[in-house]
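Look for chain A in each of the two complexes below; its partner is chain B in the first and chain C in the second.
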Partner chain A sequence: MDYSSGQKSALGANERAALMSNIKQQLDVAHAQELLQQVSEKCFKMCIQKPGSSLSSSDQKCLTYCMDRYFDAFNIVGRAYSQRLQKELANAR
Partner chain B sequence: MDNMNNDPEMQQMLARQELFENMSRIQKVCWDKCMTEGVDSYLSPKQEKCLEYCTDRFVDAIVIGTSRINQRLSGGSR
Partner chain C sequence: MDKLLETDPELARFVAEMEQTSRMKKTTEKLTLECWDLCITNPNVSRFDSKTESCLVNCVERFIDSSTYLVKEFSNKSQSVSSSSDFADSEMIIDDKFTLSPEPKLNEQEKKSSGFKFW
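So, the complex of A and B:
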């Protein structure tokens, strides 16, 4: 182990970049997992009224539509939220 | 260890996380409010508008809630 290089706890530039990239990746994965949980719950509630012994084709269609529409909705909410944030920031000046 | 509070890249990561959490929260509430008539192969204009308005009104609620709480904390409650 090399103790002669000064602060052994400081990260080199490459290590830093790798760490940041790693953190970003983990955040993305965590976000995707969170979204999946949300979608599953919301779409189950919407599409499966009475759980049967198998998934009917209409329930399956509903679930497919629901998941696609959930992501459409997420985009709309994201856009509206960003616009609103920018407006608030502009007002705060 | 580098001081994370002064680190702009770390701040950016934290901001990303906070943004996602806020959007998630709004998405959950506004989906329930706006998708009461079910789903189809596309979002109707009515549903799209509802989601936009809902997001704006939710932020209003946060802004008002924050200012009321601040008033109480600074002893200015009625």
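So, the complex of A and C:
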């Protein structure tokens, strides 16, 4: 990355780096929140079919597994999507 | 911010890259939501079996096939009824829902940043 080229910029190199990491962090947080919300919805539906008087240990085990599997699914889907995009790109050339 | 981006190509590049990454993550999130319901019958396992994994992959492929197919069908239709303003409105909905319009842009960037991470 060539930081010296931005001479006319109002930002110094440090300021720019700070702004960039701030932007990235905010996006990461938003993304994590979105995923967490989806996990809560899906895993509640699949693991808590008969809500008891408390969250049983088998409920908790199911929720833990379910969350891990949701992240697995997200990664599998992401990989498939990215590979498809690359394939489409290769065909377009 | 706009003015800052004009005078700072490095920052502008970064922001464009972030926008593209976000778009891809959003699409992946949406696909995961849809394909989870279709493919996962039991999440209470220590790992997916190969059948579930290929279901997820097929789900993504067929979803993209379906939207591509529908866009083609749709443009055939809207050519024969091009005067109707209803179709112009619906086209916007397809853009929003299936995120087809940003994809060509995505592809260009994808070439450059090969080390893209989803998670």
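Note that in this section the second predicted complex is superposed on the first by the 84 of 93 C-alpha atoms of A that agree within 3 Å, B and C clash if a C-alpha of one lies under 4 Å from a C-alpha of the other, contacts with A are read in each partner's own complex, and residues count from 1 in each chain.
Note that a contact is a pair of C-beta atoms (placed from the backbone, for glycine too) under 8 Å apart; a residue touches a chain by one contact, two chains touch by 3 or more.
Computed from a predicted model, the values in this text were never measured in an experiment.
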item	value
First, second, both or neither for A:Ser56, with chain B first and chain C second	neither
Touching partner for A:Leu89 - first (chain B), second (chain C), both, neither	second
Partner chain(s) touched by A:Tyr81 [first = chain B, second = chain C, both, neither]	both
More chain A residues in contact [chain B versus chain C]	C
Footprint overlap on chain A, comparing chain B with chain C	9-11, 16, 20, 23-24, 27, 31, 34-35, 38, 42, 46-47, 62, 65-66, 69-70, 72-74, 76-78, 80-81, 84, 88
In the complex, chain A residues that touch chain C	1-3, 5-6, 8-11, 16, 19-20, 23-24, 27, 31, 34-35, 38, 42-43, 46-47, 61-62, 65-66, 69-82, 84-86, 88-89, 92
Complex contacts: residues of chain A adjacent to chain B	9-11, 16, 20, 23-24, 27, 31, 34-35, 38, 42, 46-47, 62, 65-66, 69-70, 72-74, 76-78, 80-81, 84, 88
Chain A contact footprint on chain C (complex, rising order)	4, 7-11, 14-15, 18, 21-22, 24-25, 27-29, 31-33, 35-37, 39-40, 42-48, 53, 56-57, 59-61, 64, 103, 106-107, 110-111, 116, 118-119
Chain A-touching residues of chain B, taken from the complex the two chains share	1-2, 9, 13, 16-17, 20, 22-24, 26-28, 30-32, 34-35, 38-43, 47-48, 51-52, 54-56, 59, 63
